[in-house]
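Both of the next two complexes hold subunit A, though its partner changes from subunit B to subunit C.
Moving on, here comes the complex of A and B:
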C-alpha cells in the first residue's frame, strides 16, 4: 500500500510535466485494497488514455472524447489489475495516437523530465510519442510499468527518448479489445519499464487469447535464454542513412560490439524495401484512420457542436471543432486513398508494398535470430526545435520503428547506459525478433543492457 | 441487380452478444452496436451457419474463404459510419433459385433466377421522426442480415413478388428467418429500368420495401413513371427512390449524388474459413427438415401453385388444409373451401374452422358428393349445419342416414317426383305456359318445386335436363 501512496506523491510532484489526462488516485487505492484482500502485492501502473477504463474517463487526448467514460474496461488493463496493478492515472498522449511528440493533445503537452535542470516552463525536451505520458511516468518513477500503444513506434520511440525500455509485442499477443484503434492491423498494446525483465513480466501477465479479439493469439511457451553465444544477429544497412545522427550511429555500433564480445555472430543484411515503409505506412494508416474516425458523428456520444442547423452540419462542425489538424488531415487523406477512383493507385499499392516489407523481414529470420537497429534518429529534440521545424522530425524517427509494425514482429527498445553516451542524452537501439519470439527479444535486451 | 435483405432469426446479433429481438427502444444495445470506440466485433457462428444453409438452398458455390468489408457512409442510425458487410468475397455466390409465377389471371409458369451472391452484413438502427425531432433506436443496429443479390432478371412486378413470396416461405420453413415483413424482417431493394430493342435504360433503385403489396405497386408505378418520361423524350435519372404510402415512388433527396462507399477490408476480423464440419451439419439439418408446405401441397397433393402458396402463407388455413389432406382430401377441397368460407362469413363464424370433428365431416361430405351420393344443395345445407351448429354431434353419415338425405339415383323415383309436380292441379297454369315454349320464370318455378319436393335430393341440373327433354325446349 505504501508503494501506491509513494507513486501518488510522485505523480503530484511531477504534475508540471503534463503526464496525466486524468489522475485516478482513489481508483488506485481501491484497487490496492482489493489486491491485498486477494493476497496479491499491489504495484503502481499508469495507462495510456487510449485504453478503455470503465471507472475513469478515456479521452484519447481529444476534445471529441473529453468527457467520455467508457462502458467497459480493455482486456489488457483488466488482466493487469487482476494481477495487482493499481492505476495511478490515465496518461497524456498525442491526440488519437497521431504523432511522435505528445505535444499537440487537447490537454496540453507532455514535458520530458530528461535534462530538466533549467526548468520546463519555457522549453523542454520532447518525451517522444505518441505514448509520451506513459514513458515519462516510468522515467520519473511514478510507475514501475506503464501501458502504451505502438502502431508505428509510439512506445519504442518515447522509451528511447526517456532512457527506459519499451516493448512492442508480436501483433495479437496482447488483446486489442478496449484499445481505441489507430491502425487496426498495426496496433499493439505495448509496455514501458525500467528493465527488460519487467517488460517481459508484464507481457507474461497479460498475454494470450481473448474471445473479444478475433485477431488475438497465444504465445508459445519458450525457454529463458542465458547466453548470447552463437546468437545470429542481423544489421540492416538501410538503417544507416542520412537521418541517423552520429551519436546514434556510435551507440548502435557499441551495441553490436557488445553482442560480438558475448559471442554472437553478426551479419550485415539488406532490407531494401524498408525505405518505403514511411509512405506505405502513411497510406495504410490514413485509410484506417478515416474509417475508424467515422464513428465520431456526435450523435450518441462525444463532443457536439452547438450548430444544429442540419444533421450534416452538426457532424461537420462537431468534428471540425473537436479534432486537431493532424487528425483531420489524416481523415481527409484516408478518404481520398479509399475512393473508388484512387484506391488502386494508392491504397492497394500500399498494401502490396506492405507485403514486400513484411516478407523481406520475415524471410531474413530464416538465417537470423534477431535484428538490431537504432530506435530513433538521434537524441530527443527540444520543444522549440520541433516547433520551428513544424514537427517534420517526427517522420525521421518513424522510419526506424514502422517496419516492425508492418511485419507484426516483436521489438524492444533498449536504452544505452550513460558511460558510452558522451552527450548524456538518452539514446537507444531496438532488438527485433521473428513473430512470437517476444521472450527472445526481451532476453537479448536484458543481456545487452548489462554491458551497454 | 436486386437485393433482398433477410433478417436472420439468431438469438444474438451478428458481431455482439446482444439479444436479437423486440424491446422498448434502445434496450437491446451493447457498446459494439452503438459503435463506442475500442470495441471489437466477434462473429456469431450461428449466423454463419444460417448463411451457409441459404447458400445450399439456393444452389450456391460456397468458397472456402470469405471475408468482411467496411462500407462507409454517414447516416444517423449507422453508428460506426460504416456497415460491416461482404463485398468482394461473400460467403456464397453463383446460385440459382426457381419459383412459380402466377396470379388470378395467368397460367402459372416456372422461372429461375441467378443469384450473384449472399452476403452476411450488419443491420442499421432506426430513425424515428417525431415533430421536428429525429430519435434513434439502436435495437436493430448490428442484427444479422443476409442480402440475397440477384441479377437483373425480373421482367414484371409480378415475377418480383412471386420470388419474394416463395423465398420467404422457404426461409421460414428452414428456420432461417421469421418472415414477418411488416416488422422489416424481409426488406427489398428493386432496381427498375426499361429497355428498348435490347438496349437497357437507366435504372432507379427503390429501397427498403417491406410488404408484397408495396413491392408490386411501387415497381409498377416506377415502370409507368419511366415510360411516361421516356415517351416524352425525357431522361431517367439514376437515383434512389422510396415507396411512399400512396403507392408511388419518391426521390430520396439525400442520395442524389452517387455515394462512394470507400470499401476496405474489415481489419478486426480474420478471413472466415469455412470448416467442412459446418457444411456437414448444415446439410444434415436441411435433409432432416421436411420440404416447405407449399411444395408438399403442390407435389404430393396436386394443388395448383397459386393455392398452395396462398394456403402456406396463412398458418390457420394451412393447419386446416393439412388436417383435410390427412383425412384423405385432395385439391378438390378448394371449391368447397370457398363455399365454406362464404357460409361461415355470413354466419359470422371463424373461418377456417379448427375443430377436428368438423374437418372430418367436411372431408367425408366431399367424399360423398364426389361419389355422387349427395346433391350440391343438400351438401351446402349440411355444411351450414355443421359449420354453424355446435350441437350436432352425429357424424354426417349417420345424420344423412337418419334423415335420408342421400341423393335419389333411381330413375323411376325421380320421374315420379317430376310427375307429381307437373300433374299437381295447382301448377296447371305454369305447366301450360311451358308447353307453348320456353318461359324462364315458369321454367324456374317448376324446377324449384321439383327440387323442393325431392327435399333437395335431386341435382338442379338434372331436373333442368329432364324438363327440357320433356317439353322439348331449346334455350
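Moving on, here comes the complex of A and C:
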C-alpha cells in the first residue's frame, strides 16, 4: 500500500511534466485494497490513454473524446489489474497515437524529465512518442512498469529518449481488445520498464489468446537464454543512414563490440527495401486511419458541434473542431490514397511492398537470431528544435522503428549505460527477433545492458 | 524573419552535409560500416504530382468529413502524396498484397450465443443529444457544402511561396483528478 502512496506522491511532484491526462489515485487505492484482499502484492502502473478503462475517462488526448467514459476495460489492462496492478493514471500522448513527440495533444505537451536542470517552463527535451507520458512516468519512478502502444515505434522511440526499456511484442501476443485502433494490422500493446526482466514479466502476466481479439496468438514457452556465445547477430547496413548521429553510431557499434567479445557471431546484412519502408508505412497507416476515424460521428459519443444545419455539416464541424491538424492530415491523406483513381497506385502498391519488406526481414532470420540497429537517429531533440523544423525530425526517427511493425516481429529498445558518462543524453539500440521470439529479445537485452 | 529562419533550417535537414566517416569509441573495433548508406530518394526521381484543384479539395472534404483549415493543410497533403510516390520506384510485379501478419492463422468466430448487451443508460451515457431512447441527428440527405476558399497557386507552389507555420501547443490541463 505504501508503494501506491509513494507513486501518487511522485505523480503530484511531476505534474508540470504533463504526464497524465487523468489522475486516478482513488482507483489505484481501491485496486490496491482489492489486490491485498486477494493475497496479491499491489504495484503501481500507468496506462496510455488509448486503452479503454471502465472506471476512468479515455480520451486519446483528443478533444473528440475529452468527456468519454468507456463501458468496458481492455483485455491487457484487465489482466494486469487482476495480477495486482494499480492504475495511478491514464497517460498523455500524441493525439490518437499520431506522432513521435507527444507535444500536440488536446491536454498539452508531455515534457521530458531528462536534462531538466534548467527548468521546463520555456523549453524542454522531447520525451518521444506517441506513448510519451507512459515513458516519462517510468523514467521519473512513478511506476515500475507502464503500458503503451506501438504502431510504428510509439513505445520504442520514447523508451530510447528517456533512457528506459521499451518492448513491442510480436503482433498478436498482447490482445488489442480495448486498444483504440490506429492501424489494425500494425498495432501492438507495448511495455515500458527500467529493466528487460520487468518488460518480460509484464508480458508474461498479460499475454495469450483472447476470445475478443481474433488476431491474438499464444506465445509458445521457450527456454531462458543465459549466454551470448554463438548468438548470430545481424547488422543491416541500411540503418546507418545519413540521419544517424555520430554518437548513435558509436553506441550501436559499441553494442556490437560487446556482443562480439561475449562470443556472438556478427554478420553484416542488407535489407534493401528499408528505404521505402517509411513511405510504405505512411500509406498503409493513413488508409487505416481514414477508416478507423470514421467512427467518430459525434452522435453516440464524442465532441458535438453546435452546427445543426445538416447531419453531414454537423459531422464535419464536430470533427474539424475537435481533431488536431496531424489527425486531420492523415484522414485526408488516407481518403486520397483510397480514392478509386489511386487505390491500386498507392494503397495496394504499399501492401505489396509491405510483403517485400516483411519477407526480407523474416528470411534473414533463417541465418540469424537477432538483428540489432539504433532505435532513433540520435539524442532526443528539444521542443524548440522540433517546432522550428516543423516536426520533420519525427520522420527521421520513424525510419528506424516502423519496419518491425510491418513484419510483426518483437523488438526491444535497450538504453546505453555508457552514454551517461560520455554525452549525458539517452541513446539506445533496438534488438529485433523473429516472430514469437519475444523471450529471446528480452534475454539478449538483459545480458548486453549491464555491459554497454 | 521567422519565416526565413524556419525555411532555412528545414532545408539543412533535407540535405545533410557530405558524409564523413564515423569514429568508434576508444577500445572498440569498427564493426559497422562507418560511411552512411544513402536512404534519401531525390525528388527528381519521382513523377510530377498533378496540381490540386477546388474539385479535388471538395471531394476529399466530403469523403473525409473534415475540413482543410488552410492552404498549408492542403499543401501538406501534397507532401504526403509526394512521399507515397516513392513507392512507384519499387517493382512489385507478381507480388501479392500483405494485409495482415498472421496470414495462415485460422480466424476463430464467436459461437452463435446471445450475449448480454449494455444497459440502455450505459449506451446513452456518452451522448450529447437524446430523445427518449433515440440518438438525435440534424436533417439528413444533404451533401456537405465545400466552399471555394483557398488560393490554389499558393497550394501548388507551396515549396516556393508557402509560409509554413508550426502547429500551436495546447495548454496543459487534466481532465480528471481524483
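Just so it is clear, the second predicted complex is superposed on the first by the 448 of 452 C-alpha atoms of A that agree within 3 Å, B and C clash if a C-alpha of one lies under 4 Å from a C-alpha of the other, contacts with A are read in each partner's own complex, and residues count from 1 in each chain.
Convention: a contact is a pair of C-beta atoms (placed from the backbone, for glycine too) under 8 Å apart; a residue touches a chain by one contact, two chains touch by 3 or more.
No experiment lies behind these values; they were computed from the predicted model shown.
Of the two partner chains placed by the overlay, subunit B and subunit C both lie in contact with A:214. In the superposition on chain A, contact is made by A:340 with subunit B only, not with subunit C. Residue contacts after overlaying the shared chain place A:300 against subunit B and subunit C alike. Look at A:312: by the touch rule set out above, it reaches both subunit B and subunit C. By the touch criterion defined above, A:288 lies against subunit B but remains apart from subunit C after alignment on the C-alpha atoms of chain A. Among subunit B and subunit C, the chain that touches a larger number of residues in subunit A is C. By the document's definition of touching, of the two partners only subunit C reaches A:57; subunit B does not. By the document's definition of touching, neither partner reaches A:264: not subunit B, not subunit C. Once chain A of one complex is fitted onto chain A of the other, the partner contacts of A:388 are limited to subunit C, with no touch recorded for subunit B.
After overlaying the two complexes on the shared chain, residue contacts for A:326 are found with subunit C alone; subunit B is out of touch. Where the contact sets of subunit A with subunit B and with subunit C meet, they give residues 71, 185, 211, 214-215, 290, 294, 297, 299-301, 311-312, 315, 335, 339.
Against subunit A, in their complex, subunit C makes its touches with residues 5-6, 9-10, 13-14, 16, 19, 22-25, 28-41, 59-69, 73, 76-77, 80-81, 83-84, 86-90, 92, 95-102, 105, 107-110, 118, 122-123, 125-129, 135-145, 164, 166-167, 169-178.
Taken together, the subunit A residues at the contact with subunit B in this complex read 50-52, 58, 60, 65, 70-72, 74, 176-181, 183-185, 211-215, 287-288, 290-297, 299-301, 311-312, 315, 335, 338-341, 343, 347.
The residues of subunit A lying in touch with subunit C in their complex are 16, 18, 20-27, 56-57, 59, 66-69, 71, 103-109, 171-172, 185, 211, 214-215, 217, 235, 237-244, 246, 249-250, 252-254, 256-257, 260, 266, 268, 273-276, 278-280, 282-283, 286, 290, 294, 297-302, 304, 308-316, 319-320, 323-326, 328-329, 331-333, 335-337, 339, 345-346, 348-356, 358, 387-393, 396, 399, 407-408, 418, 422, 435. The residues of subunit B lying in touch with subunit A in their complex are 31, 34-43, 70, 72, 74, 76, 79-82, 134, 136, 138, 260, 262-264, 267-270.
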